[in-house]
Each structure stands twice: as C-alpha cells, then as structure tokens.
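Each structure below appears as structure tokens.
Next come two complexes built around subunit A: one with subunit B, the other with subunit C.
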Partner chain A sequence: MTITTTDTPKRRIDVTRPVLWLFAAFMIVLIVLPLSWLVVFAFTDKARRPTLQNFVTLFTDPAFLDPLLTTAIIATTSAVICCLVAAPIGWLVSRTDMPGRQTIRALLTASFVTPPFLGAVAWELLAAPNSGMLNQLYRYLTGAEDPLFDIYSLTGLIFVISCYTFPFVFVLVANALDNMPGELEDASAILGGKAWTTARRVTIPLALPALVAGALIAFLQAMTLFGSPAILALPAGFHTMTTKIWSLFQYPPKLELAAAAAVPLLLLTMLLLQGQKFLLGRRGFSVVGGKYGAPRPIEMGGWRWAALAFCLLVLLNPVFLPYFALLNAAFSPNATTLVTPSTATLHNIVFVFTELSSTQLALKNTVILGASTATVGTILALVVAYVTTRRVIASHRLLGFLATAPVAVPGIVLGVGLFLSYTRPPFVLYGTLWILLLAFLTINLPSAYQQLQAAFATIHPELEDASRILGATRLQALRQITAPLLRTGVIATWCFIFIGVMRELSAAIVLFTSQTKVLSVLIYDLNESGDLAAISVLGIAMLVITFAVVLAVNRIPMFGGGAGARLRNS
Partner chain B sequence: MKGRRLSRRDVLQGSVALAAGTVFASPARAQAPEPVAVTPALVEAAKKEGKLIYYSSMDLPVGEKLGKAFEAAFPGITIQIERSGSERLFQRIDQEFASNIRAADIVNSSDASHFISWKKNGWLMPLVPEDVAKHFPESYRDPDGMFATSRVWLSSIAYNTNLVKPEDAPKSFADLLDPKWAGKMVKGHPAYSGTIMTATFQMVRELGWEYMEKLARQRVMQVQSSTDPPKKLSLGERAVMADGNEYGIVLLKEAGQPVEPVYPTEGTPTISGPTGIFKTAPHPNAAKLFQAWLHTRETQQFFVDFTAQYSVHAQVQSKPGRRKISDIKLMKEDAEGVEKMAEEIKTRYARLFRV
Partner chain C sequence: MASVDLRGLTKRFGSLAVVDNVSLKIDHGQLVCLLGPSGCGKTTTLRLIAGFLEPSDGEIHVGERLVSSKTRTLPPEQRNMSMIFQSYALWPHMTVTENIVYGLRLRKLDRDTIAKKLAAILATTKLEALAQRYPGELSGGQQQRVALARALIVEPETLLLDEPLSNLDANLREEMRFEIRRLHDEYRYTTVYVTHDQSEAMTTADMIAVMNGGRIDQLGTPEDIYARPESEFVARFIGASNVIKGTARDANHVAFAGATLKVVGAPLTPGQGAVVAIRQHDIGLATQAPASPENAIKAVVTRQVYLGVARDYMLEVADGTSLRATAPTETNVPKGSEIWLTLPPERCRALSR
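After this line comes the complex of A and B, so read on.
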C-alpha cells in the first residue's frame, strides 16, 4: 500500500512549487534557446531570410559529403569493436571467478577519466608511423622498413576512439550482468541446460538490451568526438563531421553553414536514441519481481589465467601504454625517446609550471568550472529527479524530457548553438566563464539526471510519506529522510560531472576566449604547435587533479565520508 | 619574377635615410605621432596596470622566453601570452571584437596583411617607438605609426640528417615533387598559420598553383602550425619539411638535433611579423611600454640571438656562426597581395589537400 505524493496537504503554503517552476523555466532556457538559434541559423541566410540554400550548399559539396561518410564508418566500426571487446570483459568481471576482477573493473573505470584527446596524443607518441615508440621498437626487433601501426589513418583513428569508448559499453554490460537474477540461470541448469545452453538461452538474451544500448552509446560517442579526429585525422588528410563543422568557424566564419552541418548530427542522434529507447523499453520483461539471489560465479578452472591475460592485454591500449608514453614524454628531452636515468630532465615540468603563461589561468578556470558545474548540475539533476520520480508537479514528464534531451545534442553542435545564443542580447555571455558553465551543465545533465533518478527510484516514497504524515514539511522530509539515503548517489554524480568537465573539448573549443581558456583547450592548442612534452606534463597534472578532487569529495564528512563513491557511467 | 635580396646595406641605407628624415622632419610626414621611448613615467604607468595580454603566434618556448625577459626588465608587470596560429588569432580577434570583448592589448601576427584589415577597421592605436623612428627602414613600419615589423623570418625546406644523406637532400621546391619524397614530408596549414599563409602566397606567385597541386599528391603529413614541422622533423616522424619555420630548424640544429635547413633555389619565402597595439587595450600603458621595449636595439639583439630570427633594426648584428639573411635568396613579400588572396588560398588549399 502506498500513499502517492500527489495528495499533498492543502492547508500549508508549499514554497517548493514556485521554486520547482523556476527550475523548469531555467531548464527550458538552458536547452531550448541554443537549439532554436541553431535551427534559425540553419534555415536562414546572412540577412536572416528563410532559405534552404545552406543545406543545398552542403549536400552538393563532396567536401562535406566525404566527412559524413567517414563519420558513419568510424561510428559503426567503433561501436562493433567496443561491443566485441567490452562484452567478454564485462562477463568475465561480473560472472566468473577470474582473479583480479575488482582491479580490472577499477582500471576500466579509471580509463574513463582519461580524456579522449589526451589518449589520442599519447597514441601519437606510441604509434606515429616513424617516431612512434612502438614502431621504433618493431623496427629495432625486426629490421623492417615499414611501420607496424600508422596512427594517422582511418584505422588508427577508429582504434583510438574505441580505446576510450569501450569502457562505456563495459559498464553497461557489467551492471546488467550484476543485476541479472541468478535464479533464472539456476532454473535453466536444473532443467538440464548445459553451461553453453544456459548462456545462449538465458544469459545472452538478458544481457542483449544492455549490449545494444551500449553499442548505441558507443556509436554516438564515436560520431560526436572532436579531439581525437582533430588530432589524428587532419594530419592524415581527412575530415570528420565534427572537424568539418569546426573548420567552418575559420575566418570568415560561416555560421549558417556550421549550424546547417550540425543538423544531420542532431537528427541522427535523436533517431538513434529513439531506437535505444525502443530496445531498452523491451527490457521490462526481464524484471520478474521478488528478491533475487546473487548470480553464481562461473568456475573457469585453468582458463582463469588466460582470461586475466586477455583483460590485461586489452587494458594495455587505453591505460598502460598511453600512460607510460605520457610519463616518458614528460621527463624526456625528446618526446618519443625512451628516458634513461642519465637523460631524464625536469625541463618540461619547469617549462609548464613556471614559463608557460597560460597554465595557471587554465588550471584555475578548469577547477572553478569543474567544481561549479558539478555542484549546480548535481542540484539541478537532484531536483528534476525528485520531481519526476515523485511526480510533484503536473509537468514532471516535460521536465524529465528536458533533462534528457541534451543527450541528443553533440558537444560541438551545442557549442555552435550556445555561441549563437549568447553572443547577442539579451544574454551576452561569450567571453565569460558563464557560457562554459552553461555548456558543461547542459552536456552533463542527462547522465547526472539518469543516475540520480535511479538513486531516487531505489528509495521508496513511503519513507518520505511517513515523515510527512508525522508532520514534517516536504523540505524537512527531504533533509531528514531522503538526503542521507542519497549520499552515495550524489557524490558519484558530482564526481561524474567533474570528470565530464575535465574531458570536455568539443564545446569548449567553440566557446573559449583568451581569458576563459580551460585545460582541454590549452592541451589542444599545444598539440597544434607540436609541443608534445608540455602536453604530457599538463595531461598528467590534469589526471592528478581529477583523482585528488574525487578522493577529497569522497572524504567530506557531510556527504557521509568514507562511503566510497562508485563512478558509474550510464 | 625572381626573388629579392634584402642586404644589410639596403637596410642600413634605408635606416640612415629614415633617421635623417626624422631629425629634419618635414611637416608633411609628421602625421605619425611623436616617437616614444622607455621613460620612467611610462614604466610607472605600466606598473600600475600590472598586466599585459599579448596575442602572438611565436613558437611557444621562444615567445614565453621573450615574455619572461619583459617581466624581468619591469618587475611588477606579468605578461600573459595567448599563442595560436595567426590565422586562428585573426579569426578569434574578429569574433571577440564582434562580441565587444576587448581582451587583447597587443598583437604580433605572422601574416602582415592582418594589420591592413585591423588598421582599416580603426582598431589600432598609433605608437612609434623611438628606435623604430630612428633605426627601422620605412618599408617595415606603418607611416601612421600603427605597427612596426618586430621580426623577420623564413619558411624554408629542411631535412632530417639521420634519414636523408646531404647529397640526396632536396635543393629546391621542384625537388619536393620527386616521387621518392611521397609520404615522407610534413607541412603546415595556411588556414591556421600566418607563416604558411604568407609562404603559400609567395610560392603560388612564383611557382603557380600547379606546384601546390603536385605537392598535394605527395601524401604530405598535414600539421597546423609552422612551428610543428621542425619538431616532427627532429623526432624523425618525417624526413623532409616542405614548409615551416626556418628559425625552428636552426635552433634545433644548434641544440644538437639531426636537422638541416635547405634554402630552395627558387628563393625562400620571407615573413614579416609586425606588432601593433589595440586602441581598446585594457592595459594601454603596459602595451606601450612593451612596444617601445620590444623594438630597442638591446631587445632586438637579444631576440635575434636566442630565436634565430632576423631584425630590421639597423644596429642589430647577426649572431656569429649563423647564416646572414643577406646571403639567402629571398622571395618578395607583399602584404597587400596576401590580403586580397587569403580567402582564395584557404579555399583552394582545402580543396587540394582535402583538409
């Protein structure tokens, strides 16, 4: 029996309602304004007269169609690779007795902290066809002329994108397998199903929706990334959609074309998300009800070590090799020469922290933006999640939709939209940190909202209702009952947004100015001038800051210190 | 047409004539403002502002060292260098001005044609440093005192000496079209770098677009900044640099890296980097001080010595052991020409090189 919260007491004046409406209004401005300007620019000419000419120009120009095709190839192959790699690892970590399962899981989660553009630079150090360390090693060992890998190629780009996208798929699959009722597999075994039959008839069908959802997320990630293609595709002589959109900002900027070029990305994303919703919606059948037993780990016998070796081999690519290359470059006089104790130098570190005049500003801006976006974003997501799970106001559905909608807006598209919105009255925010705050907030809101909504869903409203029946106001009930139960989820969300801000490049690259530079943009700038050693130092500093902040936030007593935040990427 | 040699004698003659011109200034030429020296009053006013924001495309280590020298000369003023490719900076300055953001105090561009646009827009503040008035040839300073050429450098060919034997090295731009260099070259991008924009203009004028078309078929590794090809060369990532900063090569060679510049027989593209102050500078006195300081003989000499670039200051000597600019066959500069053709260069280049 449940008392629904729609029966709010009518005697008392509830201040929460106007506040909630204010939040709703804010969300509408946040998301609707940039998208409207985007559409206006896409469908008008310089004098703002309606026209379809922008689309005609784009779709008759091979210089635009080629990147569209390239992007489709990259996104599809990356999604397939991510699933092929992430599914077995997810299964091994979640369902078997493989040694070091927890370490593998932690390392994969940590690889999520690595910004993809930093990974791309690290792979330049490793696999540039001639100077790359792996290619040097290969030539040294075999005496071959040709390189083993060429990272400046379509395959190279797909490889690097997959390295930093498959953790998303992994987390989805591993979580799905974690939550799968063990009884169903047991039932299959009791009925005489052999291990393979059980896997084929029970486990795989139950995990499939998560895998497909993961594939879609991987597809969207690969399609909308800006940093990796800008770093690896341009030297190879080809564009992707995101680098093409960005090149339209070159002087004289063609904002109408940039807006129009963003429209296909936007439509495709929306279409795919509809598909994902359809597939995830079908997952409902697996929820049978009642309490489930934990799934039985599968005993792998002698294969345990082979499985571990496989996981470690995969982890070489996003974690071990890139960090080794970055550390080496940070202390090396020449970015791709192996450091020895006699050649190790602190010159790069001294340069970055004492000579490079943008370091301090970028560090300051990034930390300010990271902390404020995480705080505002968590509060916003918390309110929206509360409203939608408890159905506090009539338009809660709309609010939930608005909070999820930015998922359909690729970073660079949002960047273009925000640039168009906030470089003109009534809100002139370009040149301030506010425009970046809005961008980061919008980008991170959907996942933050989903996490907190999931957290709210696990807390039954009857606890709050009991408190309110006993005379507490809505706010008192929230503070005394719900907040303590949500601690872990809130901390995880905060950290997740903070990391999201550190990783973000595609919107920042459109929106920064000299005084509002962030670390990701600085690193990108340094890549364009070829200062790889400085990038390595900054990249390592960035990771140290991220880990320090995440650890510190987890230690704050008022958040229920000690409770380890689980970084979940949804 | 053939390249022009800029000899030290020309420079000296020009500056002597110029010095005479300033001393006995005729009223007709007196439109440019009074020359400004580094005076205690200016230093005081600059220190009150305490900060300078300098947009520049200079190679980062070189630019930051110049900034540190300024900070050391005038303690209490910190300099923030906003480094990016000149074409990128040009676009960003345009975007910032359009949004009423006035962050930049002073700018040094490697595409001299940018100053034509900025001057036309009325964005620049006139200021003639004393040394510019006395020692800079007329062709390297704006008659209205809006900017002066702070540095001159070249975009040359170069090769990695571990990968290419001196006798096999290319001697000319035409040599780069040899199939043996296919997939072995690196070059910068004219939509990012002012140096490459200026160099591309000069190469297209001397060699025609056919040259660029053929070069594009050589599977060139396309980087952005003109500061990057020398670095890719010294890493051994590519064997030959098709364009890029000659000063980067000279500095790397002096540091013991295996690189060697080649001054092509067709002539070497020459780039002037003027500096000018924005009228809307948030730190105008610091900007004036920097402009006056940058063009003194001492700073120019220091700059030439540690950056391996060239100065048009009449009293600056080239560092012993380095090649003199007067010994190199140069391509002629033409900022007006670049201004007219910039858009066409970006479009045609993007079509040929596909990025």
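After this line comes the complex of A and C, so read on.
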C-alpha cells in the first residue's frame, strides 16, 4: 500500500450551536410563556392589579369548594381501586404460569389507545340508568323496575376513570416485577422461606415503590382528566375541578378565576411528581442493574385457570364490553338496541361521513395536527435528548428540565395558560391550528423526551466520536451514525405522540374554535346532543386511523422497515 | 510534518484539574505512550488532543497548526487524526467494509481509489473473509482489527489509541500489541497511545510518559522508565520495586536498618530523608554473611511462596520494613529463618521525588 496524502476535509462552519440555542429559546417560549400568563392572571384582577381575591373566592365559595372536594374523593378512590386491581394482575402476568399472560399484557397495554372520553361514552351506552344495555339485560332477567347501574353518579364516574387509569399502574408494577432479579426470591427460598413467606417478605416489599408510584400516577390522571367527568358528572349535576375550570370559560368568561383554579392543580401535580421521583429514584438503585437470572415463574396448578378468569373479568370493563357497545351502536338503528343481522344498518356510517358537516373538518384537523405534532415533537425531543445525553451546550440541564416540566401541567391548566398567552399580541394564535399544535406539543414533549433520552443512552458516545475523528461534522455524524441507530426509538416516539394527540381533549376543549375542531372535541359535542351512534362510528374510525397510521409509519422504507435484524449490537 | 506539541495543557472540570499543566512534544512518526493508573488524566489528555474537549488552559499544536487553545478549538473532524476507542466504536448498522471506508467516503475519494485502498487494508489486517459481516458477528479480536483498519485507511497524520487492547483476552492482547507496533513501523504516523498496562507500553512505545494526578511524572524511553525511575510513584507503578526510606549519609550513601547502602541516581543531601528503589529480583539472598559487607542487610523470612519459575520471599529487616524479593527456586529458606540480603549498589536508585 502506497502512502498518498488524502485531501483534508474542507473547512465548514459548525452551525449546530446557534441552532441548539434557537431550540432552547423555542422551548422557553413554549413552556414558560403560558405558565407566566397563568400566574399573572391568577394573582390579578380584571385591570391587572395584583390581588389575592381570586383565591379568596376560590376557597370560600361552595361552588368551588365542592368540586375541589369531589376531585379529591375521585382521585383518591380511583388510585386505591387501580392499585387493588392492577397489582394482582401485574403479579399474575409477570410472575406466574397463568395461561394467556402475554395476551393479557398486550390487551392491557393496547388499552392505552382508547381515549378515556370514548370509554366514558361507551359506558353511557352500557349503563345509563334507562337505556343502558346492562340495565336492559338486568330488567329483562329479573323483571325489576329499577336500574342496576347508574353511570351518571360519583360511583359511576370513579368506576369509568379507574377502568382507563389502572393500565398505567399495571405497566409500572409488571415492569418492576419483570426487572426484579430471580436470585432475590431464590435466596429467600434456599434459606427456608416458603412461597408465601417469600412473597410477603421479599417480592411485595420490592414491588411496593412501583405500586405507590403507580398510585400517584393514577391519582394525577384521575385528578386532571376532563373528558370522563364532563360526560358523566355534568348530567349528574356535579362538577370536578377540570369541568369547573372549563365552565369558567363559558359565557361570561371569568379568566382570572379559571387561572386561579388551575393553580392548585398545578401545585398538587408538582408535589405528587416529586414524590413519585423520590420513590422510583430509590427503587432504581436497588433493583435495576447487575446481571441476574430471570425469575422462576410460580406454578399455580389448578388456580391458574381461576386467575385467567379473574383477568378476563377485569378486562371486560375497559376493553370487551365498551368495544362491544361501540361496535353495536355503530351498526344499530338505535344506539342501545342489540343489533341483529336483520336490523344491521350502515345508516350511522353514511350519516357521519356524508351528512354530519363537521366530520370532514375534524378528521382533517386531527390528522394534520397528529402528524405535525408527532413530527415536530419528535424532532424537538430528539434535539433535547441529544443535548442532554451528550452535554453539548452548557445549559443542557435547563433544557432537560424544560422538556420534562410540562409533565406537571395538567392539560386543562395548559389550555388556560395557552389561551391567555396567545389571544393577545405579540402572538395572536387563538382560532388557528397553531395554538392546538403548541398545546399538543407541550403535552407530549415530556414522555417523548424521556423515551428518546433512554434510546440515546443505549448508544455509546464513542460511536459518534469515531465518526467525528474520521472527518464527519457533528451533523454528518448525527445523520449517518446516530439517526440509523435511533430509528426504532424515533418511530416509537412518533407513534406515541400521534396517539397522544388523537386522545387529547382537556386542552383542546378550551382552545378550539368552530374552524379548528378536532375529533375528540367533535365527539364531546355529539355527546352533548346525545348522538351516541355517531360517536361510536367516529370512535371506531379514530382507532382505525390510529392503527393505520402506526402501521404505515413502521413500513416507511426511509426508516428501513424490516432492517431490524441486522441491528445486532457488538 | 505532524509533530504533536502540548504546551501547558490544562483541563479543569469545576475546580478539579484533571489534566494539570502537561507539556509534551511528540516528534513526527514517534509512538508515545501515556501510562498511568485510572483517573490519572491520560484519557482526558487524549480527548483534548482529538478535539473532543476544549482545554481550560494551554495549547496544542499539530505541526505548524495551533489546533486547541483556551479560546479556539478546531473540531475533531478538521484535525486529520484517527482514533481507536476502548469500545472500538464500530457502527453496528454498517458492515465491516462500510465501517472501514466511512472515512474515505467523507473525503469524497472516487470509487476505484476506495476499492484499492480497501483491498490493501483488508489484506494488511487479514480481514478479507469478513468484509461483508456486521460487527455483531465478529469476535473481539476481529472487531479490534476492523477498528484498526478503519482508523488506518484514512492515512491520518496522527493516530490516537485509547486503551485499545483492554477488552481482549491475554493471548490476543500480546499478539495485537506487536501488530500495532508493526503497523506503526509500516506507516510512521505520529501515535499517542493511552494505556494502564506497563508491559503494553514497554513493548509498543518509543517514549513513555508516566502520568499521575493529571501531571506527567516522568518522560523517557521504556528503558529509562524501567531502569532509572525518578519518583517513588514511577518506581512502584513500573515493575515490582521495593521502596526503602532511610537517611542520607552523603551524596550517595543512605543509612537504612542499621546498614549503609551505597546508591546511584539523584544526588542526596546529607542528613535529609532519602528514598531508594530496588526491584524484587535485584535483591540477592544468602544464608551466610556475604564476603563483602557492602550493601548487605540481615533479615528474617516472614513468608515464602513457591511460584514455579522462582520463589517469592517476604522479608523483614531490623527496623521493621518489609521487603519483597524474587529468588531462584534453588534458594530455599524456610519461614522464620535468618537470611542475608545483598542490595547491589548499581541497582539501588535514589529517587528525587
């Protein structure tokens, strides 16, 4: 081999730093601006003079105190129910030889896709006091006059919220049990601990932090949810904090009170998240890491069928029954009549897609917003995750904090903040899709950022360094080395955000105008007018779109669909 | 000519100086080892040279070019260097060939030139049969050779190696050690090699810079470093040395454990404390008092282990100092016996630090 001088690469200006600073500035505007306006409005009167009057009203007027109390009751009981249901299922799926445990896990994970407000509507179909299908069945079987269930009640609301919250707890508990080294249980067994002693002294204490963290998440979800209470509590004549905040936006709007009412939600969320971080952070040291064997599944003998029956019974509530009700309503002339081959009709579908004037617009808006939020959000999260894992600029900590901060901002609170920020100069965005884009972006940023940060952490920084030293600029290294390695993580994040946008209602409900309606808002509107069949059609369409988009994105050749096999790491 | 010149190089993280005022001139074509325990700043120094880090103080010149200073740091891609990483950093999504030609593609060479260079480097590194494999399908030694090929094919002015052999098993490590030296002799680029393994440094380097606490403790040829350590740290770190603490009688005599040792090395100040290094296998053992009393000390055997090629002795002298000695297997003195040690004057090195 002869030695020849190779050309030195041409000098290029490194534009990455200014670009990164631009991202940082954008993030600050995105997150700090709405929260600042929220605080300003909460502590001022109509003439913007500082006052605490808003909070005095909030904490003395029964019209505000009752919702506060109701919200506390709902959040607490939902959290407890979620734990009671999710913990045994998590243990059964992760630690035993129960048949079909993979299917149960898949179904529970997939139930994330169901928007809670759609679940609430489905349960209206099932358990409305008069027309509800379960009540019809009960009356038919027993001849009784009174309904068995009333979904328009505090109990009903708690039930429905729990249905769509316990999967969060389940995932946390199941993952914690999955990661728990089998040796820890074996060590207890070899010292003479019987199965039950081992479970009581070792397994449960180790899984407890995850369970408590799950309870906090469930509490947060139940506290900040808008759709289910708006659909179920308002007809029953009571308010939660979120519906109260929303009602303050109705004519005549009381923006200062709305802002003030959002503050307790914000503070409580921050407090609970801090608690969760504390719990999970400590758990992280004790269980994750080190090379351990996979745990031995516990043999349950004849009990395993009983266990499966229990899981299926639980799954009836968030999955089987609601989807049955929705499918039935979509093809039935009357939403709550059991459809038969002779009565099956396509009328509802034709009505929704040809006669209902807002369908086209809402569909278009939703798909545009879903795709653009997912794309922008993924890019943004990608850049922030890159900066924080590789410590490119000095302020990477601040950037990481900003990207996670929206986690502490409930959707409706963010909606209020954005409304206050973008209805006035210099950014008048209210009435455009842009304000919804900003809202969805902010809401989905924390989880997108966390996913991509985890993905970055698995890529050794030396892989990028190797490319740099051979002559690649930072951007070339990102494009040629990091991007292909991150492919799976990026696609997953994109889909995650897209699904998140489809199911978002609580911020959209305070930000939409007639021209910027999205599917979730349309479904909410239709519920107000009692058109449950149309909702069923839209809800199913929504899920079909979601699955179609997720499938399509996974097949885009640019992302190298099917190339996963050769991504074996050295 | 690409010499690498570090001038007062300093890197601080917070208030901690990880690299502390390091000056080192590496001539063109020389292979210099930065040798030291973990945390001594050797890898940080290497990353400063590569341009992955910006110095807090000092400068780095490559040939005539100033590449790093407090105010301006040339990014790594503009330095015409190559680096071999501890993890090899092979890109798992590219084949062996794609990995190797990556640098050439960035330099926009034409297809034929790339093919020619690729064939040559594959032959040199004996990788022809593996060209279409993915890194995940290679053994550790093969991955190491791909990393070498990828770094060498761009014909860099400077080659940087960051503990390149630490992930290999012992046999392979020895083989690759000579391979690296052979390739260096073939291409003659300026090479900086970071390692914590002294035998690796001995066999590959023209010059060794022993680093400790962010500073260069001693710079010299492998022979200098081994035979003429200047500091207690170097004496202990390189090879197995006993370090004796006594009092200087005059410029080259030290009082130690009731005896007087004649020493070489740094001139001593009479009356001051003196530190003397002597290697384990340089200490002579005898059961009877030696004919010449010069540099002879009486000791007691406190431990004796048969190692196969030699015997390893732990000895205690009058003032309680423990010394370790390696003796031929024929010298078999049981534990608890008295024994005479001879410390040859030319092997007793007074240390300046």
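The rule is simple: the second predicted complex is superposed on the first by the 528 of 570 C-alpha atoms of A that agree within 3 Å, B and C clash if a C-alpha of one lies under 4 Å from a C-alpha of the other, contacts with A are read in each partner's own complex, and residues count from 1 in each chain.
What we mean here is this: contacts are C-beta pairs under 8 Å (C-beta built on N, C-alpha and C of every residue); 3 or more make two chains touch, one makes a residue touch a chain.
This one's a predicted model, so the numbers in the text were calculated from it and none came from an experiment.
Enquirer: Scan A:R474 for contacts with subunit B and subunit C and give back first, second, both or neither.
Expert: A:R474 contacts subunit C only, not subunit B.
Enquirer: Under the stated touch criterion, name the partner, subunit B or subunit C, that contacts more residues in subunit A.
Expert: B
Enquirer: Touch test for A:P425: subunit B only (first), subunit C only (second), both, or neither?
Expert: neither
Enquirer: Touching A:P253, do we find subunit B (first), subunit C (second), both, or neither?
Expert: First partner only, subunit B.
Enquirer: Would you sort A:D465 into first (subunit B), second (subunit C), both or neither based on which partner it touches?
Expert: A:D465 sits against subunit C, while subunit B stays out of touch.
Enquirer: Look at A:G301 in the shared chain and tell me whether it touches subunit B only, subunit C only, both, or neither; answer first, second, both or neither.
Expert: Neither subunit B nor subunit C is touched by A:G301.
Enquirer: Would you sort A:P484 into first (subunit B), second (subunit C), both or neither based on which partner it touches?
Expert: The answer is second: A:P484 touches subunit C but not subunit B.
Enquirer: Under the touch definition given earlier, write down the residues of subunit A that touch subunit B in their complex.
Expert: Of all residues in subunit A, those touching subunit B are 63, 66, 128-131, 152, 233-239, 247, 249-253, 334-336, 351, 355-358, 361, 423, 428, 430-431, 513-515, 525-526, 528-532, 534.
Enquirer: Okay, in this complex, where on subunit C does subunit A touch?
Expert: It is residues 50-52, 75-83, 85-93, 102-104, 106-109, 117, 120-121, 124, 134-138, 143, 150-151, 154-155, 160, 187 of subunit C that touch subunit A.
Enquirer: Using the touch definition from the top, list the residues of subunit B that touch subunit A in their complex.
Expert: 53, 55, 59-61, 64-65, 67-68, 78-85, 87, 90-92, 94-96, 98-101, 103-104, 191-192, 219-225, 227-229, 231-232, 234-238, 257, 343, 346, 350-351, 353-355
Enquirer: Considering only the defined contacts, which subunit A positions touch subunit C in the complex?
Expert: Touch list, subunit A to subunit C: 1, 3-9, 11, 14, 460, 462-463, 465-474, 476, 480-481, 484-485, 563, 566-570.
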